[in-house]
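Pasting the structures in now, so scroll down.
Two complexes are shown next, each including chain A; its partner changes from chain B in the first to chain C in the second.
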Partner chain A sequence: MAEVGKRKPRVDAYDKATGRTKYYEDLMPREALFARIKHSEIAHGMVKSIDTSAAEAIEGVVKVLTCFDVPNIPFPTAGHPWSMEQSHQDVADRLLLNRHVRYYGDDVAVVIAENEVAAVQGVRALKVEYEEFPFVLDVQKAMEDGAPQIHNAYPNNILKHTSLSRGNYEEAIKEPGLIRVEGWYETPSVQHCHIENHGCYAYEENGRIVVVASTQIPHIVRRVVGQALGRPWGEIRIVKPYIGGGFGNKQDALYEPLCAYCSTQVGGRCVRLDCSREETFVSNRLRHAIRYHIISWLRPDGTFAARKLECFSNQGAYSSHGHSIVAKGLGAFPQQYQCANVVGDAYTVFTNRPVAGAMRGYGIPQAMFANESHIDDCAKAVGMDPLAFRHKNLMEVGYEDPFSKNVNYFDSYNQCLAKGKEYIDYDRKIAEYAKETGPIRHGIGVAAFWYNTAVYPIALETSSNRMQLNLDGTVTMQCGETEIGQGADTVFAQMAADVLGLASYRDVNVVSCQDTDITPTGLGAYASRQTYVAGFSIRQTGLLLKEKILKRACDLTRQAPYNIDIVDGNIVRITDGKKLMTLSELAMTAQYDPVNSEHITAEETYTIRNNAYSFGCTFAEVEVDIPMCKVTLTNIVNVHDCGTLINPALAEAQVHGGMSMAIGYGLSEQLLFDEKTGKPLNNNLLDYKLSTFMDHPHLEAQFVENPEPTSAFGTKSLGEPPACSGAPAIRNAIYNATGVAINENPITPHVLFKYFTQEGLIEE
Partner chain B sequence: MAKNQYQLVTCWINGREVEQMVDVRASLTDMLRGDFHLTSVKKGCEVGECGACNVLIDGECFNSCLYLAVWAEGKHITTLEGLTGPNGELSDIQQAFIDETAIQCGFCTPGFIMTAVEILNRNRLYSDEELRKLLSGHLCRCTGYENIFRAVKKTMLRRLGMLDDPFLNT
Partner chain C sequence: MYDMSALYEAKSVQDAVRLRLEHPEAQIIAGGTDVLVQMREGKRAGKSLISIQKVNEMRGISIDEEENIRIGSLTTFTHITNDPIIQQYINVLGEAVDMVGGPQIRNAGTIGGNTCNGVTSADSASTLHAWEAIVEITGKNGVRRIPIKEFYIKAGTVDLRVEDGEIQTAILIPKASYENTWGHYIKYAMRNAMDIATLGTSVNARLSADKKTFERVRIAFGVAGPVPMRALNAEAFINGKDVTLENIEAFGRAVLQDINPRDSWRASKAFRQHIAAESAKRCLIESVKLAGGEL
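Presenting the complex of A and B:
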């Protein structure tokens, strides 16, 4: 019966285990032309001319489009819901191809050809003449007077600056006896590295444009393609098949607008635009590199008198998701730890680096690396155990955030920390490791995280759903929320089965593919929102469908509405448990009624005006070989309170993936740039060190289940939270092992060598 | 550049003998996907970094993106499609991937399963460390490898009749 809360196999598992699942490239029409992009080979400048003659002479090249050809319609790309208020709309600073190139890898031209070889040869044959400008890669250097100006409308390259203030910082720091702790923390540019690169194909059909794309956000991409091409949004149809991961990169309109434009320039023929791995690293999106400056004023008893935060977020060349990412971390700062007097400033700054956008955690992995590292620095300054310091200072039970109205209903933080502590055997090991003196040291680190669920009240939260009762008594369901690998379709089926009273989640056929011509409008996969927000529309639509079914059942069975219900797919008289008819009998009778035929369907929209805190922590244990500057992660556990688990097996799997991403963030991943040219140096999966099988110990995922009171199914966010606290936990474990506070990630041997040398642990 | 760069390749794909004219520059990935529509062969990097395109060639696992189609002459090639029985029956390792929640987006899955088949067909007991190393030619961003490891290890132990061994099955 009840499907929610059970470990159920994914609804798409069989097809994925047999290789039948179709991703965009598997659906490619054979006649598709190949589009390849010419990327700029300078970090900043103006295209003076492009000689296309050699490219056009290549056999198979159909058309060359350059930055001099495209319409001058600036458009935004961020996967945010549209806002009716202009001031809340995303910055429209993109063109399909650019004369003013702003990073090494910017798009200047595209070659469309009959085959891949001709397209690649065509791109190579283009001769681009540039006027080169000075460029800047560092976020704070870009803010200096006289720095290269990247967008004319933004003096000092500052896309946006916001502040927060609670209490009175200046007065509070005058309190006698305070201990001042200050640190700068630096996080890197990293990439999502979904194994399926982004790509799409586009063609015209009856005068409209169809784009089949590897995207997380089909309905939003429809709007962006319409904006970019200057076409009514209704003339655009986006189809999203299964996708091979997204992690936020595909929460942006990437090359769908350019691909659609290409099709319109070759008479509506089908054009494919596939990103290579190397392009995915450079010309899609990155996680923002953010630099933090934190000052905490502590009382000797280990409480905070006042705190100050400055954040400098490296946006790269175009605005994409822009300031919302660093702002999320700024907003988390006064909420996570109790302190009456807090000031903060966040800057998002254009530089000549590839564009940063959404990536799993949306600013929180960066903020947690800085703040959770700093918390350990604070604990040390007052001579407290880092775990005890957290218990004392983390958000109190009953706290209500004045902006989001989120409430800390339960003692989630302390419960999660207690569970993690027990798993890792904290007290015993901390005491044991404290005695170590040799070149090999061990340590344990802890970090907590703060995370919201969905985007209310910053932006619209809406979910729509459509259900139809099939003649065999099963239900077909369409959701605007997208399956991107996380298992959304499976938990949606579990929730729907329970609302409707079906025997099994297998009786719910979730239409996985979103097609904006057909699918009810949804916003897509981001903000760890989908299980929470779709829960509301699934419940509301399910209740409506159930009402219609029972109304018909009343007519057919002569029973009073309050005496019947749907149980295990049957109409049952609940007063005596008698099975009156099956859902299939009901559906058939209703459909083929010669007088009053009915196709039983329901469709509803729910506007969500709540949000929910999701909490948790990581405990990490490391072995540090000081002379070798080598860290081995030997043990790691994440504990989450994401409310009620809809499917514990999928929840654990989700946590594993986030932990893996956090391990890479902590120890190995970063996209590097040549300081002299701005050229990315390691934009491939060999030189960019994604975690492999060899880089992980067992990943332990545990949960505390406090049902979220605002939620339709007691659930709240879990998609991004697992990626938020791992890196600072590793950093703090190294701190515990060696006494060396490393304020930058990833903590590679190069970084360890620098710090260990500075601290005198090794001699140069 | 010469126009005619085609060559006839005769090989066995998933047990069936086939003849195909291929561009001598084409990879085995290109041939399997383009000519035979075997779309389980995934493209994640096309330079041998990610393992998503792995197939068995005479029982040995290769990155098909780094293997020229013309080299397939006379070879027996198995893709994930070839593991499934005529009535849709799953092999033990496919079932284990489902049972252990080792599948998320599914894009790395076909390559991983093919490497697992190569490992499992040796009928050897590997240590955890050895198994991790043998599987480390594949990248996955969804699973953290945790459940993939469990699926492969459990299948190995099951085939060796050691699944109930409390020491091994941890």
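Presenting the complex of A and C:
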């Protein structure tokens, strides 16, 4: 193990830092036409007509396509693996453009023009006539009888309802002496805010359609484009170059199908479709706003007798990832804290809001905000320290989940909590801050999180890999798993170098671009799965390539196979350490052998049938200026057990990014809607308060490394977990500082003003 | 790619006046940090622009012959913050404009643009009101000077007469205003950078020689009404009073008689009022400290 576990610079660091890295816009042909979308300006209704004449008269406008032109082929968009069982397939409720518009910002027409200005002018010149319907934005109002019907196939707008039950809740709550703690918890719609907006370009080539897209999931997008256009999947080619982040928004087919369709309507010419930031907020995907209702029945000793959870997930106008998101949080509920009697219900409900889809954490940041806030409420109710309460009740070592078969192999929760406690100097500060009165108060909050790795057993987990030995002794590797800015290529190279016995991870050339015509099939970047699942196919393919190399080496060196190995890029006789030949010499000799030429390659697929828990926590310290209704986050630490670290520097960077996202989720970010019109109010980076550098203290990332036994390299998820526990830790810190329990996020000054006024901390 | 019909570049103030008379429909552009954003949003799409970016005589800070501080309208925020004259006489203005947007915006955005927009949230505006700045306007009939309060007509509208080819050329702070005076600005925003003010509060104070009495206190708010505004009742209350914390707290409450913030999705009226009273108090405490007073 030479490269795994070391702090190595990213393989793409120099090009990214110097601006050379090519994203889809850098690759775009100069002659590409511009497609711009006309979005609905009502929240719910039917397009009666679209007058395109003024738009078509604008110089430079090539073609106007409306909702009356597109094929009537409903398609799904979620970046889920295809399922051979129809009941597990994603809901197909999208059309390329919509007559029935279901949210303010829905797509009704597209203008294709020679230049951007003409396209924008064309969109502005379209005259759309609507028949307006009543609309509903609130998840529970949408479930009421008589609420506006958004999709005819779903009565009361309920996309899906699932339940869980363990033990006997009704009997358990009859135990004498129980303390009942109940709370409603509200989480907001937020957006991913990756730096690079989604966009793509498409053209036809020899009767096939090529789409170059900013996506996390090229192979899945190929399937969706094929479905949407009614074309065989093999006629679609998706190319994914470097992308500027995705965080789950690009784990959906976004505008690739529409862009491909546009190209087919202008004779296969290249058409580009680029989302503005304003469109990214409204017409891509959001994090689901989920409302929770939790009732816990506690014994005076601080253990749970029974618990009940209800979740109401605001899906927005189309199904996208649908019920999977809220279901993940529902599934985590009985696992995270020990309780024998648990019932739960989760509803995913259509509303006339923009569409919610996947976002870093996939329902768990919401669930953790609710449950970890509630845990502090429980600790308070039984008079326990919140940290002690967690130590007492979090999942026990050895727990095996009946559904996923995940096992809690190690004491990760307690180890992480202990590390965080020490870093933040918990006991001393808690005691010191308890004495404070006055307008400025300080507090410390803690929150734990539950997470897992990849999507087994809910959906397929597969990974494919291809390696070739180059003539200079280096290795070129193609993975189906995608680099989306997280550093995947670097850890892939580190793992491959170690399996093959190369001198450096720099000797592995990872082909970063995925091209569905040539890249081995992979499912893409999501579910914090890249390192875990790619590890299996990298190991398997590497072992095959190594076997082929050593077989050739046996012939060339006359040595027994068990006496030779690859060490630092050389064929070495391990019995005496003698270097027999370099990999380059071997590759050249094999390739140019006049009798028996061999291009040494390997390609393998591995089907993963394991999942792995990935646990940790956040400690946050705040200063609260009560009269100013302001919270300053002064200190924050995340502690993670994600198994063996492949690259500690990249792991820390991953945690920093997730913590930043959690800080915004806790304190400032929320997409707002006008109650009267359903119009988004703040779909830009000025009015949507993404937290900045200036709002962050030092972000401390720490790790506990218990090697994951099921993993090819001891590793497990770290992509999403860092975003899961920050917001409730901040909420609990504010609770600790002020005694005010705030059950909604983000905890903005407006929210603090409301609560502080209610609680009499400030004068009216 | 911006949807603009033409771009005219002025070489001098007189040239700018001429272009304005020739193209009355055109929009003046200086740093471009607002105009180009609006153009992209479609609000000024298709318009022609008159750029004054190259009119160097409108750039820079000096003390003129009447001992006014003279700030050329094209002076950027970064320049103002770092200028020794500003730092010596009216440091609060440099501090206030250092809270605009981020560094790139402050390198490009100008104080002229910040005031000619006529928006209530401009970070320079409340301080300029609190220091009773004079706006210098140049047109075909020459130069006229008006108090900044009169320059602001209503939200988004300032007193620049297109028919006279007028442009704003400088902002002046008279000696009587800045002499022996110290001030403090609080930008209340939802994050610590890249934000517009939910409320801007600028207070300055001149104390008696023994530092025991408020000789002159001035306060102005941004976002407490449709345009930046003074709180004259609060000023009248505090002037001549002893420098005590009690008086300062009463001063904070008194601003509620003056201001008229509105309810919007960005912030409620009650919230803005609460923050205004607290900010007024804190700004005055800080001003007293800067002026050498004790509390």
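Throughout what follows, the second predicted complex is superposed on the first by the 763 of 764 C-alpha atoms of A that agree within 3 Å, B and C clash if a C-alpha of one lies under 4 Å from a C-alpha of the other, contacts with A are read in each partner's own complex, and residues count from 1 in each chain.
By definition in this document, contacts are C-beta pairs under 8 Å (C-beta built on N, C-alpha and C of every residue); 3 or more make two chains touch, one makes a residue touch a chain.
Just so it is clear, the model here is predicted, and its values are computed rather than measured.
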item	value
First, second, both or neither for A:Met694, with chain B first and chain C second	both
Touching partner for A:Leu686 - first (chain B), second (chain C), both, neither	both
First (chain B), second (chain C), both or neither touched by A:Asp517	neither
Partner chain(s) touched by A:Glu400 [first = chain B, second = chain C, both, neither]	neither
Partner chain(s) touched by A:Val117 [first = chain B, second = chain C, both, neither]	both
First, second, both or neither for A:Asp593, with chain B first and chain C second	neither
Broader residue contact with chain A after superposition on the shared chain, chain B or chain C	B
Which superposed partner A:Glu759 touches (first chain B, second chain C, both, neither)	neither
Chain B versus chain C as contact partner of A:His750, first or second or both or neither	second
Chain B versus chain C as contact partner of A:Asp555, first or second or both or neither	neither
Residues of chain A at both interfaces, chain B in one complex, chain C in the other	117, 685-686, 691-694
Interfacial residue positions of chain A with respect to chain C in the complex	115-117, 120-121, 124, 627-629, 668, 672, 674, 681-682, 685-687, 689, 691-695, 748-750, 753, 762, 764
Residues of chain A touching chain B in the complex	9-10, 12-23, 25-26, 117, 192-197, 242-245, 247, 276-277, 484-487, 649-650, 652-653, 656-661, 684-686, 690-694, 696, 698-699
Complex contact set, residues of chain C against chain A	1-3, 42, 45-46, 188, 190-196, 198, 265-268, 270-271, 274-275, 278-279
Chain B - residues contacting chain A, complex	25, 38-40, 42-47, 49-50, 52, 79-81, 83-84, 88, 90, 94-95, 97-99, 101, 103-110, 113, 132-133, 135-136, 138-147, 149
